[in-house]
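Dropping the structures in below, format is C-alpha cells.
Two complexes are shown next, each including chain A; its partner changes from chain B in the first to chain C in the second.
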Partner chain A sequence: MTTALTEERAAGAPAPTPPAKRPRTRRVSRPSETRGAWTLMAPYVVLLMIGGIIPVGYAVKTSLERSPTPLDPTTGFGGVDSFKTVFTDYRFLDTFTNVFATLVVWLPIMMLGIVGLALLIHASPGRFGSTMRFVYYIPGALAGIANFVLWVYLLNPAQSPIEGFWNALGIETIKQAVATPGHLPFILTAMMFFQGVGSWIIVVNGGLNGISEETLEAASLDGANAWQLAWHVKLPIIKPWIGYAALMNLAYGFQLFLEPQLLDQVSSNALPDQWTPTQLGYAFAFSNYNFPAAAAMSLILLVITLVIGLLIVFRSGLFGEEEH
Partner chain B sequence: MTQVAVRPPVDRPTRNGGRPRGVETWSAGRLARVVTMLFVAAIFALPVLGFIAMAFRSNDGVAAGDGGFLGLGDVSLDNARYSWSQVNGFGPDGGLFTRWMLNSLVVAGGGAVLAVLAALPAGYAMARLRFRLRRAVLLVTLVTMVMPNTVLVIPLFLEVNAVGAVGELWPVALIMGFFPFGVYLSYIHFMTTMPRELVEAARIDGLTETAIFWRIGLPISKQAAVLVTFFAFVANWTNFFLPLALLSSVQDNQTVSIGLQQLIGASPLFNPTVAAGLDVKLYMPQLALATFISMLPLLAVFLGAQKFLIRGETVGAVKG
Partner chain C sequence: MKSPGARLGKKRAAGAVSLLAALSLLAACGGGDGDGGGASAADSQTDSGGAITVWVDPPRVPAAEAFEKAHPDIDITINQIDGTVGGKSLQQQFAQFNQAGKGWPDAIFFPSNDDIAWASGAQIDYAADLTELLPDVIEGYDEAVIAPCAIDGEIRCLRNDAAPDVFWYNAKFFEQNGYEVPTTWEEYGDLAVQIAEEHPGKISGFTGDAYAPDRYLWASGCPTNARQSETEVVIDLDDPTCVRAKDLLTTMVEADAASPLGIFDADAASVGKDLVMSPGAAWWGDYLFRTTWKIPAGEMTAVEPLAWEGEDSPSTGNEGGGLWGVSSHIKGKQLENTLEFARFVATDPAWQVELSTGLPAYGPVQDAWAEKQAEAKYFADNDTTFEAMKAAISHVKPDHAYMLYNTGSVWTETIAPALVDGQPLDAAWSDFGTELLNQAKAMGYTVK
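Then we have the complex of A and B:
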C-alpha cells in the first residue's frame, strides 16, 4: 500500500541516510560529482537561504525577544512571552474561527466544482470540451488584486451586472453586501472559487487524461453508463489529484489576507480589521510594531502550513521520485 | 458532431441500442451535461467581459446605467483615453501609475531571471547527480513549493529590516528569485529529457560535471527555461503581500499591485473624504482600466510562452 511506502520515505528522506540503508544507490557518490552538484546548486542554495531558511531562523530568534514598550524600551531575551501575547490576544481565536468558517463553506464547494467540472470536461472530448476548459480558466488569469477589483465591480450594487440579485436580498451598498454578518465567508468563497477553480480543473483534468482508453472501454463494455463510469472508474483513479487539490486549498485558506483586508477598505472599515490570522500578524508588525508577536504569529501559521505541506508531499502519492 | 472525428467508431454493442460509440444521439444525460457546462461558462465569462467593458465606459454612462447588456453599448476608446488621464494623473506630480508599472517590470522580471538562473542548474543537479543531502534538498524544495509563500512574508520583512533595506526594490527581486516550483519543473524536465546514460558518456569523454550541464544540459532546456520564467513572472507580478510589507513605506518604489490598492483607496466610491482633496476622479471605469492595463504584461508573457505552455501541459503543476 502506498501509505507504508510513503511513510518509509518520510522516515528516510530528511536525514542523510547512511549508504548501507540506501537500496537504490548502488555506487557511492564520487567527490567530483558531489563538488559539481553543489557548484550547480549554489545560486539556488543562496536564494533558498535568503528566501526561506534565514528568515525562518530570524523569526524564531525575534519571537523569543522581548518587545520594547514605552515604559520599558529595552529589548532582550523574552522567552515565550511573545507566544503568550499572541495566544491571549482577544482576536487570536476569532481569526482562526473566521478562517474555519470560510473553509467550511469554501472547500466543499471548491472541491465539488473542481472535480465536477473536470469530469464534465473529460466526458466531452473534442473542441467543445477544450473550449469550455479554456473559458473556465479565464478568470484564473485575473489573479490577486485584479480579481479583487473585478469583485468590487460585482459586489457594488450601484453598477453590478448582478444588481438584481443584490436588490432581491435588499442590499443597496457595497458596505451592506460585505459587512452584513455572515456574508463574508460566502463572498470570500465566491471570490476564491472564481479565481482558483480554473487552474485546478486543468490539474485534475491532466490526471483524468492519464487514464488509459482501454480501462474506459472495458468499463463501457461491462455496461457502465457515463455516470457510473465517472463515479466508479474515473473518481477512484484521480483520488491523488483530489487529495492534492484539497490540501493545497486548505493551506491556501489559512493565509487569506488580500481579500478580507481590501474588502474592509471598500466597505468603509465596516469589517473587523483583523479578520484572518495573517491580518493579525500584519497588524502586530505594522500597527503595534510588536515584531516578536508578529514573528510568533508567522511561526504558528508556518507550522500549520508546513504540516499540510508535508502531508501533500508524502501522502498524495504525486511526488514519488526516481520513477523515471 | 465532434466526437465522430475524435474517436473512430468502434464496432461493439453499447448500451444505446448497438450504435457505435461516438454517434450517440442527444440523450437527456448529454443534453444536461452540455447545458450545465455552457451555464457555468457564462458565469465565468460574463463578469470578465463586463469588467473589461467597464474599462472603456464613461463615469456618466455607468452612473446612468447606460449601455444595456453589461454596458457594452457604452464602450468607446475616448472614454478609455479620459480614464487614462485620470489614472496616470494620480500622485503628487502625476505619472505614479507608470512608475509602478516599471517597478513591477523590474522586480517581477528581475525575480524571474534570477529564478530561472538558479532553477535550471539546481534542477539538473538534483535530477542527474548523486550527492549527500540530495533528498533533503529535494524535500525542502517540494515542501516550500506547496506552502503558500504568504506565511513567510513577515519573517522576510524582519530579515530585510535587519539589513536596513526596507523600501528598496532589489530585496524584493532577490526574494522573488527564490522559486522552488521552478526548481521542481527543471528537475522533472531533466528527469524526462536527459537520459542518465548521456551524462555517463560525457563523463567518460572527460567533461567535468559543470561542463556537462553547460554543454549538454543547458542547450536542451529551452522548454523548461520558458516555463520557469513564465510561472515565476506571473507569480511575482501578482504578488501582493510581499511588496505591501516591503515597499509600502516608499511611494515611488511600489509595485502596481500595491498601487491598485492605493487607487481604490483614493476613489470617491469608497473614500469620499480622501478623494475630495484630489484632482483626479477615480470611479469604476478608471479602476477597471488601471486593472486592465496592469494585466497586459501578463497577457504578453502568456502569448509569448503559449506554445511551450500547451506542449508542457503534462509537466503541469504535478507530475502526471
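Then we have the complex of A and C:
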C-alpha cells in the first residue's frame, strides 16, 4: 500500500538494490505494532463472535437436531433431515425465484445509479457537486420504518402525490398497486433504490476522490474527454468500491424481509407470507415450530451469500493490495 | 492480471473462511444445553400470589379496564397487543416463551380465532382446559357457539361474542327500487347481478378479506377445515358444496356485483357505502355500518341467513367472534384470579352488555345486550335484526374447525390478488386449492 511504502522510506529502510526475483518484500511488523493491531481488532473480534460466529455455530448445531412434532415430541440428533425438509419444501424454490426476480430488476438499476451519479458528482466540482451529493443522500437518512411509511403514502392512490401515475396505470387502491401479480419486484426496487442509492454514492465518491489529480491531468493531456476519462480511467480505479457496493447490496437483497412483510400488512395480507427465503425461515421457526429447518434455511442463505461474496471479492480485487 | 497482493488477499480470505468454519464447528460442539423442545420446560406451574397479566387487542382493552374497575382487589397488568387478524407475531412470541420456559400471559384475547389451533396444540399447549375450571360458565353457552373451543372433548377457550352471519340489506334502497329480499343463496346471486346492471356501482358483497371464505364457503358446508384429529383434516374443493359457492361468487364477480376489496381494506369505507346487501356477521351492523362506514341510521337491517335451493333450513358461516384463553402454566391464587377475569369478560354485563358491540356469546346476557343496542335505533327494523342474529346461531354449519393453516390467509394471498388484477375467479380457485393443500401438509396434517 502507498502508506506502507511511504513509511518504509521514512524509516530509512536500507534497500539500495531490490533483489531481481523479489520485486516486492513483505514488511515484518514489530511486536509493538502487532500488539497495537490486536488491540484495535479486539472489539471487532468480540462483536464478530457475538453477532456472527457463535450464532452460526448455534445454527449448525440446531440444524442437526430433530424437530418435535405433535405425533413425536422427542428431540435429539436428526442428521441432515432438516436440510431435506427445507430443500423439499414447496415454497423453497419460489422464494429464491422471487428474490432473483427482484435482484434482476434492482441490482443493475442500483449499480448504474450509484456509479453514474457518483461520476456525475465527481465531474461537477465545486458547490453544485457537493450540493447534489447532499441531495442524493437525504433519502438514505430516512432509515427503515420512516422510509417504509413514506412509501405507504406513495403507493396508496387515495393519498399519493403520484396519484396521476397510478390512475394512468388503471390502479385505484393500494391493494391493486401492491398485490397485483408481478408488481412487487418493481415496488421493492423503487423502495430500496430510493433508500440506498444516496449512501452508496457517498462511498463510491470517496473512491473517486482518492484518484490523484496527476492521473486525471495526465489523462486529459493525452486527449481524454470527460466520457473517456470516466470509462477508461476512473472506473478501473474505483472497481473495488463498485465491487463492495455490489457485494453489500446483493447481501441486502438476499435478506429481504421487512419490506415484503410490511407491504403484506398494508395490502390486507394479499401477498404471500413466505415470499422471500428469510420469510420462509421465519415461517419454519414460528409457524411450523421447526427450528432445525429454520436454522438449515439460514445456513443455506449464509453459504449462498458467502460464495457470491467471495466471487465478487476476488473478481473486483476488493481486498487485494495495490501494486506499485 | 492479478497482483501478488491480490493472491495474498485470496489466501487471507480463504484463511478467514476456514477460521469461520472451524469456529462454527467448535461452537456447535460446545454451545447450548441441548434441550431443543422447550415445551417440556413449561410443565411446572407458577403462582405469583395473585397478580395477573392479561393480553388484549385494542377493542378488548375496555373489557380489561372494566374488570380492573370491578375488581380493585386483584392486581392486574393490561398489555395491549397487535390485533391484526391473521397476524403472526403472537405465534412467534409464544414459540419463544416455550423455548425460554417463561413469559406467557395469564389470560389472552386471541386476535385470530385460528390462534386457538396452536394455543391448544401439542407443541405450544398454552390454553388450559376449562371444562372443570369453569363448568357453570360453559353451561351458559349454546353448543354451536362454544364449538370452536371444544377440542378433542375439552373446552380450551371461552367465546367472547357469537358472530354468525345474518343476511344484511339496505331496506331503504330495496323499498325505493321495489326489490324483494332474497331467501336463497341462488336468489341472492341473481338479484346481485340484476342490481349491478340496473345500478352500476352498487355492490352486493366483498370478496377480498380473510373472512370471505367463512362467509361463502363455510356457509355452504365446503370442507376446507374439516378436522378429523390433531393431525388429520379433510380438504376437498371439488365437493359440490364448494362448487356451488364458487359458482355463486363467479357469477357475482363477472357481473361486477362484488367488490374485490376486503371489508377491512383502507378503501373499503368508501366502497362500503354502496353495499346494498350481503351475508355478514352480526357485528357488521354496529362495527362496520355504523361506526366505520358511517351508513346513515334507518337503512341497514338484517334477516335470517339464506338457504341453498333444495335444502330445508338456512345455512350460514361465522366471522370471528373472538376467543379468550387462560394459561395452563399457572396455579393457586394466580389461576384463581385469572379465572375470575375470564368469567368477567365472558359473562359480566358490565362488559358484555354495556360496552361490547358484538352479540354476546354467553346466552344469558344476549337479550339484555339486544335491548341496550336497540336504544340506538340504528337499524331499519331493530326487532327483526336482533331476532335474526340470535336465530342465526343455530344455522351455522358444523364441522368447521380452526386449524394451524389459516384458510383466510390462503384466500387473501391467492383469490384477492387475482380479483384486483381483473382475473376470473376460476383460475385463482385452483391456486387457492393447491395452496390450501400445501400449507396443510407443511403444517404436518395428513390431508384426506
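We adopt the following convention: the second predicted complex is superposed on the first by the 257 of 324 C-alpha atoms of A that agree within 3 Å, B and C clash if a C-alpha of one lies under 4 Å from a C-alpha of the other, contacts with A are read in each partner's own complex, and residues count from 1 in each chain.
Note that in this section contacts are C-beta pairs under 8 Å (C-beta built on N, C-alpha and C of every residue); 3 or more make two chains touch, one makes a residue touch a chain.
These figures come from a predicted structure and were not determined experimentally.
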Exercise for review: Have a look at where A:Thr215 lands relative to chain B and chain C in the superposition and call it first, second, both or neither.
Suggested key: neither
**Study point:** chain A residues touched - chain C or chain B, whichever exceeds
**Key:** B
Review point. Now for A:Pro68: first (chain B), second (chain C), both, or neither, which partner does it touch?
Key: second
Check your understanding: First (chain B), second (chain C), both or neither: which does A:Asp89 touch?
Key -> second
**Study point:** Touching partner for A:Gly281 - first (chain B), second (chain C), both, neither
**Key:** first
Review point. Just chain B (first), just chain C (second), both, or neither: which does A:Gln228 touch?
Key: neither
Review point. After lining up the shared chain so the two structures overlap, which partner does A:Val313 touch, if you call chain B first and chain C second: first, second, both or neither?
Key: both
Practice item. For A:Thr173, select first, second, both or neither according to whether it touches chain B, chain C, the two together, or no partner. Key: second
Check your understanding: Can A:Gln265 be said to touch chain B (first), chain C (second), both, or neither?
Key -> both
Check your understanding: After superposition on the shared chain, which partner residues are touched by A:Ala295: those of chain B (first), chain C (second), both, or neither?
Key -> first
**Study point:** chain A residues contacted in one complex by chain B, in the other by chain C
**Key:** 54, 56, 58, 62, 156, 174, 265-266, 268, 282, 285-286, 291, 306, 310, 313, 319, 321
Review point. Tell me, which parts of chain A touch chain B in their complex?
Key: 12-17, 25, 27, 29, 32-41, 43-48, 50-52, 54-56, 58-59, 62, 117, 120-121, 123-128, 132, 135-136, 138-139, 141-146, 149-150, 152-154, 156, 159, 161, 174, 194, 198-199, 202-203, 206-207, 209-210, 217, 220-221, 223, 225-227, 241, 244, 247-248, 251-252, 254-255, 257-258, 262, 265-268, 278, 281-282, 285-286, 291, 294-295, 297-298, 301-302, 305-306, 308-310, 312-313, 318-319, 321, 324
Check your understanding: Within the complex, which stretch of chain A touches chain C?
Key -> 24, 49, 53-54, 56-58, 60-62, 64-66, 68-71, 73-76, 89-91, 156, 158, 172-176, 179-181, 265-266, 268-273, 282-283, 285-289, 291, 306, 310, 313-314, 317, 319-323
Point to revise | chain B residues within the chain A interface of the complex | key: 2-3, 5-7, 10, 12, 14-15, 21, 29-30, 33-34, 36-38, 40-41, 44-48, 50-51, 54, 62-63, 65, 70-71, 114, 117-119, 121-122, 124-126, 129-144, 146-148, 150-159, 162, 174-175, 177-178, 180, 183, 191-192, 208-210, 212-213, 234, 238-241, 245, 257, 260-261, 264-265, 269-271, 284, 287-288, 290-291, 294-295, 298-299, 302, 313-314, 316-320
Practice item. Spell out the residues on chain C that touch chain A in their complex, using ranges where they run on. Key: 2-6, 8-10, 12-13, 17, 20, 23-29, 31-32, 35-37, 39, 84, 86-88, 91-92, 95, 99, 121-124, 208-210, 230-231, 260-262, 264-267, 404, 408-409, 412-413, 416-418, 420-421, 438, 441-444
